[in-house]
Each structure stands twice: as structure tokens, then as C-alpha cells.
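In the two assemblies presented below, subunit A is common to both, partnered first by subunit B and then by subunit C.
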Partner chain A sequence: MNGSLAPRTPGVLALAGAGLIAALATGRPELALIAVPFLVFAGAGLVLVREPQVTGAVELERVRVLEGEELTATVRVRNDGPEPVEVEVAPARTAQLAVVPAGTVAVRVGAQSEIEVAFSLRPRRWGAHGIGPVAIRARDALGMTNWEGRLGERVDLRAFPSEERLRELVAPLRTQPFLGTHVARARAEGIEFADIRPFQVGDRVRQVNWRATARRGSLQVNQRHPEHSSDVVLLLDTFEEARDEASGTLDSAVRTAASLARAHLGQRDRVGVVDFGGTLHWLEPAFGTTQLYRIVDALISSNIAFSYAWRNVDSLPQRVLPPGALILVITPLLDERSIALVSELRRRGCDLTVVEVSPLDHVPPGPTAADAVAYELWRLQREALRAHLQALGIAVAVWRPGGTLGPALEEVNAFRRSAQPALRA
Partner chain B sequence: MTLAAEITLIVLAGVAVATCVKLLPAPRPLRRRKAVSAAPSRPQQLVTLERLVTTAGPSAVSAHAYLRPLLIQIVSHRLVARGQTLDRMAETTGREVLGDQLWDIVRPERPFPADRHGPGVQPQELGAMLEVIRRL
Partner chain C sequence: MLVAVAVLVIAEAGAASQLAWLGAGVAALLMVAGMVAESPAPVHAAVAVLGVVFLARQDSRLLLAPLYGAGLLLMDDLAIRTMELSGVGQIAPDVIAARLAATIAVAAIGACLSAVAALAVTAGVSRSVALTVVGALAAVAAFVAIAVLVRRRFGSSAADPHPASPPPAPQAQPSTDETT
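Right after this comes the complex of A and B.
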């Protein structure tokens, strides 16, 4: 710890000096008598000074929480010295982490003893929040010297994005040959009725449709659609975001991606993630709960990385976009590169849906009349861009912060149903 | 000086010293990481358009070369929803549907401005055009 004179020390010395000088100048010993206690106090404080032996640690109630959830952080302060020490404790602050109490907490730690100081933490946004080391300041018994330092190690608190329960998901056009919940186009063992065909050697008796057999005079069997899983790739656009003081489009995009990942994994789909922006990260599609935690961990590390580098489909490894995968692009549609990527993926015949995280609510119009006109022009331009993507056969769901994703996905499914023949082409 | 006066002086001096001790500076706050929030960011798309609206006012070239293609893109998408296209639209229909101001900007055969330094489209005029587009 670094030691320094407490602010009161020079003042006490100055008072003592002033008293002595006044006594000499006026020839009155009474003034010197007034100065003596200050001299004794300052002298004793400076002679008896000893670095306090304070150690400690920062502990969290748990290291994974949902954003907005409260937890307790405990700072353990131990004094191994022979004298009591006054300690001020101040945890590190960030704009995205509410700490109560917000200021410093002063405690007195007895000799050879330990105390705990509890802070309430609430992450306002998803992400990894570093808690600790905490700043401390210890004072000796006379308060003439301050010792400042840091206590404990950094502990990472991972705040997961809050998720929306989705009742409807985007239905994939193609499925994979694994057991799942999507009705496949292929005909095989399943529940959903597909067609009737004449009996062939190898067909089971339970497949025979006796009514159709009686009507046609020859054995007829039922054909069914199997329930298969699909591959889903969440493509998160992190080139640019619109942000106000409280939140931005990336915050909402990550929440949307987490909701979609959970819902699709719950339907036994293989889900992968691509963080497509200034930096490129990806997770290959996989099944299960472990993949959900991998995805959420990857999502909360997302950030906007400014870059001039041009990126397109060729920047992505082939195994990240398996053939027939449903690609859900979560984007504010603000960067040329992500718009070009969407068009390129569609041209290559990918099954594509755009979830547009609207930036309009995060950006108010400028102060002048010309700015208001520009804002309106921007709104109309975005509308035209959306229409252009839909003309390419890409379903676009517009999601505004504060709203729910469900209705937007229903609209997407309606669009895809009406455009299905063209999409499959 | 009488004894009473001396005692009074000493008491007053004591009070003055006590006041000085009270007024000693408080310890400065502990140094710790500042709570820095992410700065608000305006999308480049919007900033570019704000610049375009400003420059299209005094510059006919800016209005023709940069504002016109954008307006054509927006108007075309609106007209498609009505089953019309800008390319095949007769002048009389165009003027009737889009109004004179907007039609003069987006009409297909609009020549490059003869006076490069002439006035372009003022923000108020552009606002009126956008109002027409909104009503399409």
C-alpha cells in the first residue's frame, strides 16, 4: 500500500507553528501553550506511524446472473496488525453495474480480526462485469497517515441477457435427418399424414389404409412426413450500432439472439452463431444445453469493433453455414457490408430471414428543420431497403425495442408461406 | 491588560484554533475506476443524409447526383406497391401522382443541371416532397 500524509497533518503542523511564532512575536507564553498539544499530537502520529497489515478478498454470491438481477458481493477485510485500523472500502464502478451503497464504506477493523462489508450489485446490461479489486484506504489510530491500495483479485460477473419466451419460431424450409420437431418435406416414418400409395414389398401392415384399400380394390398404404430437426445459424451483425444513453441496438440484438438460440435448441435444432462485424467469431452448429451456454457466453462477449475491412460470405468458413441451414440475420441494417452479405446469401440460395433491430428508437432527429427532413428521408430509405430485401425473397421481421418478437416472427412465417414456391426455387 | 481580558483572549484563541481544525480539508475521495457509459452513437447512414440535405440546398449538382437517386429508389418502391413504375409513367400521370416538384426531380429523362452552381433542393421543398411520398 502507498502511504501519504493525511490532509489534516499539514494543517495541524501549521497551527502549531503559528502558535509558536505568535508566542515569540508577542512574548506571551500562553500562545505557546496552545500550540503544544498540536505539536505533541502531530509528533506522536508521525513517530508511531506503521503500515497497516490489511489483507482481504472479494467474493460474489454467484458469478452468473441474468441482467437486472441483484446479487451480493462481500469484501472481506482482515487486519493482521497489532492495532485497530480504520478502513474505507470502495468497489469499482461501471456505468452498466449498479452498486449499493454507491460511495465508500468506512469501517473499523480491530487488531487481529476480520470483518465483512456487503455490497448489492445489479448489472444493468448483459456482459462480463469485472468486480474487484476494490480500492481501500487505511488510517492509523491517530489519522495522521493514509495508506491506499487495492484489495483482492478481479472476479468476473457474467450477466446473461434476459430472454423472451417465444411461442412461434421461423419454420425452416429444409430439415436435417435427425429427430426433431419440424415436419419434413420427405416421406418416411412420422405422425403427419402425407399421401397414399400402393402397397410395396417391405411395407408394414400397420401402414395399410384399409378405407383406401377397400375403395381402390388393391392394398394402399399411408405415407407420412417425419419430424426432423434443422440447422439454424444466428448471424449477429456487429459492424455498427445506434445507441442512446441507456441502450443500443446491439443490446437488443444480443437479447434477441439468446431468445432465438434457446427456443431453437429447445426444439432439438442444431444452432450456431456467427458474430459478423469488425472482428469475426463463430460457433459451429451443435445440439443441446451445453451449446446454449456456449452461445450465450459468446454473445455476451460481442461488441462493436470499428473496421474498414470488407467482409463477405467468403470470409466465413463453410462449416459454419451448413447446406440447408436456416440463417437468421439479426441486424440493424446500418452497414453496407451486412446488407451486401444478406443479398449475397440469398443469391446463393440460402434459407434466410432478417430480424431487423430497429435503430429509430435509439436515435432522435437532429435539432434543426433540415435534420428533421433528413431523419424522415432516412426512415423512408430504410423502408425502401426493406422492400428491396423482400423483393429478393428475404423475409424481414422488424423488431422495436420494448416490443415482443413473437408477432414479428408470425409475420415472417406468413411472408414465407406466401413466397414458399419462389424460396424453394 | 486585566486578567479577565487575558482569559477572554485565550478562550477566543482556543475557539479560533478549534474552528481552524474543523476547517481542515477533508480527505479526498478514494481513487477508483470511473463509471464511463458508452457514448451515444448516431448511425453513419443518418449523418450522411443530414449532410446531403444540407448540401443539396445550395448545390444543383449535389441534388441531381446524390439526392435524386435516393428519391428515385424511395418513390419506385412506393409506386411498385401501387402497380406503377417510374420508367413507364407518362408525364401527366407523374405530375398528377407525384406533384410538380417531386416529378421534376425524379422524372426519368431529367438532364444534368446546366448551371452547376445553381440552387438545388431546399430542405423545406424536400420536406414537402417527402410528404407526397408518404401519402402515396
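Right after this comes the complex of A and C.
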């Protein structure tokens, strides 16, 4: 620990010295008598001071929480010295991590003993928050010296984004040959009725449609659509974001991606993630709960990385975008590169949907009339861009932070239903 | 505390009561300024002013000086302590009690030593150059001893200029782990 004199110490010494000197100079012994307690105080404080032997550790109640959820962090402070010591404990604070109590905590640790100081933590935003080491300041009994140091090691608290429960998802145009919940266009074993055809050798008797057979006079069998899964790739645009003091479009985009990932994995789809921005990260599509945790871990590591590099579809490995996969692009539509990527994917015939995380709420119009006009122009420009994408056959769902995703996805499905022949082309 | 100390002087100031009032007022202003600015210097200045104002008292100065000094020390400590703990969010009760007990104990010892010195003063030894030199040397020796002690403990480092602020908390950094 680093020791230093407390700011009061020079003052106390100066008072004692001034009293003695003034007494000698003026011949007034009263001033010296007044100064004696100060001299004794300073002398005792500095003679008896010893470096405190304080050690400790930081422990978290759990290392994974949902954003906004509270948990307790415990700082164990152990005094191995022969005298009690007063310790101020100050855990790390950031704009994204609320700590209660708000200031430091002052405790007294007895000789050869240990105490626990509990703090309540609440991550305001998803992400990995480093807790510890904790800054401490120890003081001697009279407060003449300060000793500062750090306790414990860094513990990572991973705050997962809060998720919205989605009742309806974007229905994929193509499915994969794995058992799932989406009704495939193909005809095979399944539940959903598709058509009737004449009996062929190898057909099972249970497939025979007896009513149709009686009507047509020859054996007819039912054909059905099988239930298959699909591949879903969540493409997160991290080139740019609009951010105000409280939150930004990336915060909402990650929450949206987490909600979609959970919902699609719940429907037995294979889900992958591409973090498409200044840095490129991806997770190949896979099934199951483990994949959900992988995706959420990948999502909370997302951040905006500024880059001039031009990236396009060729920057991505082919296995990340499997043929026939439904690609959900989650973007604020602020960067030319991400808009170009969306157009390029559509040109290549990908099944594509854009979830636009609206930046309008994070960027208020300026104070002047000219600012208001510029803002309105920008808003119209964005609408034109959206119309352009829809003209390309891309469904665009506008999602404003604070609202629910469900209606936006319903809008997408309505668009896709009406434009299905064109989309399949 | 300040009021009690000031009243002790003003009550017996006699003809110099106006001066005592003025001194007490200045000390109160300095004390308030120090508390507001969270700076120990004005607080020490207030204590120094009250120390000088004590000379305005007309009688029993030698008898009361040890108690007065101990009172000033307590006042100084309480004010500084209040400033130190102003940024603390939560304080364990035994922190204040232990610190107050330690300060009162040291102030009492200081008052006793001061009283012994007062007895020596009243012994009737006449003032001389030799005695003044001895006194000055004793004072210098005390300060040199303290300075040597401080240097041995802390090296040549000076006092922390802003220790009344909370300890510098480390900044939590978002993880930069990459997932590919």
C-alpha cells in the first residue's frame, strides 16, 4: 500500500509550531500551552503509525445476470496487523453500472480479524462489467496518515440483454431437411395436408384417402407437408450507432438479436450470428441451448469499432451464410456499407429481412428552424431508403426502442406474404 | 464547539470584548468556508485565530490554556473528520466512536502535559535569554524528530494534496473478448 501524510497533518504541525514560536517571540506562555495538545496529537499520530496489513478479495453473488437485475458483491477485508484500522472501500463505478451505497463505505477492522462489506450492483446495460480490484484507503487511529491500495482481483460480471417474448416470428421461405416447426413446401411425411395423388407402389395404406378413392374409382393417397427447421442468421450491423446519454441503437439491436435468437432456437431452428462492422465476428449456425448462451456471449461483446475498411459479402466465410438461410439484418441503416451489404445479399437471392432499429429517438432535431428542416429531410431520406429496399423485395420492419418487436414482425410477414412470388423468384 | 470556545474568551474579555467578538466572527467565517470548500487550510486558520483571541481574556489564562488548547484540537479534528467523511456513502458506527475516543484521549493527554507546563510557568522562573534559547531548541528538536520520523516512514513524498476525496476507484472496462 502507498502511504502519504493526510492533508491535515501539515496544518496540525504548523499550528503547533506557530504556537510555540509565537510564545517564544511574545513571551506569552499561554500560546505555547495551547499548542501543546496539537504537538502531542501530531507526535502521537506520527510516532505510532504503522503500515496497515490489509488484504482481501472481491466476490460476486453470481457472475451472470440480466441487465437491470440486482446482485450483491461482497468485499472481504482482512486486517493482519496488530492494531485496528479504519478502511474506506470504493468499488469501481461506471455509467453502465449502478453501485449502492453510492459513495465509499467506511468500516473499522479489528486486529487480526476480517469483515465483509456488501455492495448492491445493478448493470444498467448489457455487457461484460469488470468488478474489482477494489480501491481502499486505510487511516491510522488519529487520521494523520493515509494508505491507499487495491484489494482482490478483477471479476467479470456478464450482464445479458433483457429479451422480449415473441409470439410470431418471420417465417422462412426455405427450410432445411431437419425436423422443426416450419411447414416446408416439399411433400413428404408430415401433418399439414398438401394434395392428393394416385397410389404408387411403396405408398403406405394409412396414406390412402378413401373418400377420394371412392369418388374417383382408383386408389388415391394424401400428400403432406413435412415440418422442418430452418437456418437463421442474425446479422448485427455494428458500423455505426446513434447514441444519446442514456442508450443507443446498438443497445436495442443487441436486445432484439437476443430475443430473436431465443425465439428461433426455441422453434428448433439453427441460429448463427454475424457481428458485421469495423471488426468482424461470427458464430456458425447451430441448434440448442448451448448455442443460445454462445450467441448471447458473442452479442454482449459487440461494440462499435470505427473503421474505414469497406466490407461486403465476400468478407464473410460461406459457411456462415448457409444456402437457404433466413437472414435477419438488425441495423440502424446509418452506414453506407451495411446498406450496400443488404442490397448485395438480396441480389444474390438470399431470403432477407431488415429489422431497422430506428435512430430517430436518439437524435433530436436541433434548436433552429434550419435544423428542423434538415432533420425532416433526413427523416424523408430514410423513408426513401426504406422504400428502395422494399422495392428490391426486402421486408423492412421499423422498430422504435421502447416499443415491442411483435407488431414489426407481423408487418414483415404481411409484406412477405404479399410479395412471396417475387421473393421466390 | 466553536461557540463554546468563543464564549469562554468573550465572557472574560473585558475591554477587549469587541476584539474577541471580531476574532470569533472571523473564525466562524473561516470555519464555514473550510467546510463548504472541503479544505483543511481555512479550518486550521480558524483555529489559529481562536488561539490568538485567547489572549484577549483578562484573567486565569494560564489555568484555562490547557483546556482551551484541548478544546481547539477537538474542534479542529471534528471539522476535518466531517470533511473526510462527507464523500462516504455508508459509515459503520464504530468508525466515528473509535476515532472520537482516540482524539479525546490524545487531547486529554495533551491537556495534562500542557497543565504540567503551566505549573512550570507559574513556578516563578524569570525570563532569560538562556531559557528562551533552551525553549526554542526544544521546539526545534521536537519538530526535527517528527520530520525525521516522517521521512523514515514515507521517504521524501509530500502529503497527498487531495486525500479528502474518496479513494480513486478503478474504472470497470467492458470486456474486449472476441468471439469468432
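Following the convention adopted for this analysis, the second predicted complex is superposed on the first by the 425 of 425 C-alpha atoms of A that agree within 3 Å, B and C clash if a C-alpha of one lies under 4 Å from a C-alpha of the other, contacts with A are read in each partner's own complex, and residues count from 1 in each chain.
Please note the rule applied: contacts are C-beta pairs under 8 Å (C-beta built on N, C-alpha and C of every residue); 3 or more make two chains touch, one makes a residue touch a chain.
Small disclaimer: the values here were computed from a predicted structure and weren't measured.
Peer 1: Judging by the criteria at the top, classify the pair subunit B and subunit C on subunit A as clash or fit.
Peer 2: Here the two partners, once superposed via subunit A, clash with each other.
Peer 1: Just checking: does A:Ala32 make contact with subunit B only, subunit C only, both, or neither of them? Give me first, second, both or neither.
Peer 2: So A:Ala32 only meets subunit C here.
Peer 1: In the superposed arrangement, does A:Pro7 touch subunit B (first), subunit C (second), both or neither?
Peer 2: Both subunit B and subunit C are touched by A:Pro7.
Peer 1: Using the superposition on chain A described above, determine whether A:Gly248 touches subunit B (first), subunit C (second), both, or neither.
Peer 2: first
Peer 1: Should A:Glu240 be classified as contacting the first partner (subunit B), the second (subunit C), both, or neither?
Peer 2: first
Peer 1: First (subunit B), second (subunit C), both or neither: which does A:Ala90 touch?
Peer 2: both
Peer 1: Considering only the touch criterion stated at the top, classify A:Asn146 as touching first (subunit B), second (subunit C), both, or neither.
Peer 2: A:Asn146: touches subunit B and subunit C.
Peer 1: Contacts for A:Ala387 in the overlay, against subunit B (first) and subunit C (second): which applies, first, second, both or neither?
Peer 2: Only subunit B is touched by A:Ala387; subunit C is not.
Peer 1: For A:Val373, decide between first (touching subunit B), second (touching subunit C), both and neither.
Peer 2: first
Peer 1: May I ask you to name which of subunit B and subunit C touches more residues of subunit A?
Peer 2: Larger number of subunit A residues touched: C.
Peer 1: Considering only the touch criterion stated at the top, classify A:Leu15 as touching first (subunit B), second (subunit C), both, or neither.
Peer 2: both
Peer 1: Running through the overlay: 57-65, 93-101 or 147-155 are the candidate stretches of subunit C; which one clashes with subunit B?
Peer 2: 57-65
Peer 1: Using the superposition on chain A as set up above, list the residues of subunit A that contact both subunit B and subunit C.
Peer 2: 6-8, 11-12, 15, 19, 30-31, 34, 38, 88, 90-94, 96, 104, 134-137, 146, 148
Peer 1: State the interface residues of subunit A toward subunit B in the complex, per the touch definition above.
Peer 2: Checking each residue of subunit A against subunit B gives 6-8, 11-12, 15, 19, 30-31, 34, 38, 88, 90-96, 104, 134-137, 146, 148, 240-245, 248, 332, 334-335, 359, 363, 366, 369-378, 380-381, 383-384, 387-388.
Peer 1: Report the residues of subunit C in contact with subunit A in the complex, numbered from low to high.
Peer 2: 40-41, 43-44, 47-48, 51-52, 54-55, 61-62, 65-66, 68-70, 72-73, 76-77, 80-81, 84-85, 87-92, 94-95, 98-99, 102-103, 106-107, 109-111, 113-114, 117-118, 121, 127, 132, 135-136, 139, 142-143, 145-146, 149-150, 153-154, 157-164, 166-180
Peer 1: Which part of subunit B faces subunit A closely enough to touch in the complex?
Peer 2: Those residues of subunit B that touch subunit A are 6, 10, 13-14, 17, 20-21, 24-46, 49-50, 52-54, 57, 70, 73-74, 76-77, 80-81, 123-124, 126-127, 130, 133-134.
Peer 1: Would you pull the subunit A residues touching subunit C in the complex into a rising list?
Peer 2: Touching subunit C: residues 3-15, 17-24, 27-47, 49, 84, 86, 88, 90-94, 96-97, 101-108, 127-137, 141-143, 145-146, 148, 150, 156, 158, 275, 279, 281-283, 294, 297-298, 301, 303 of subunit A.
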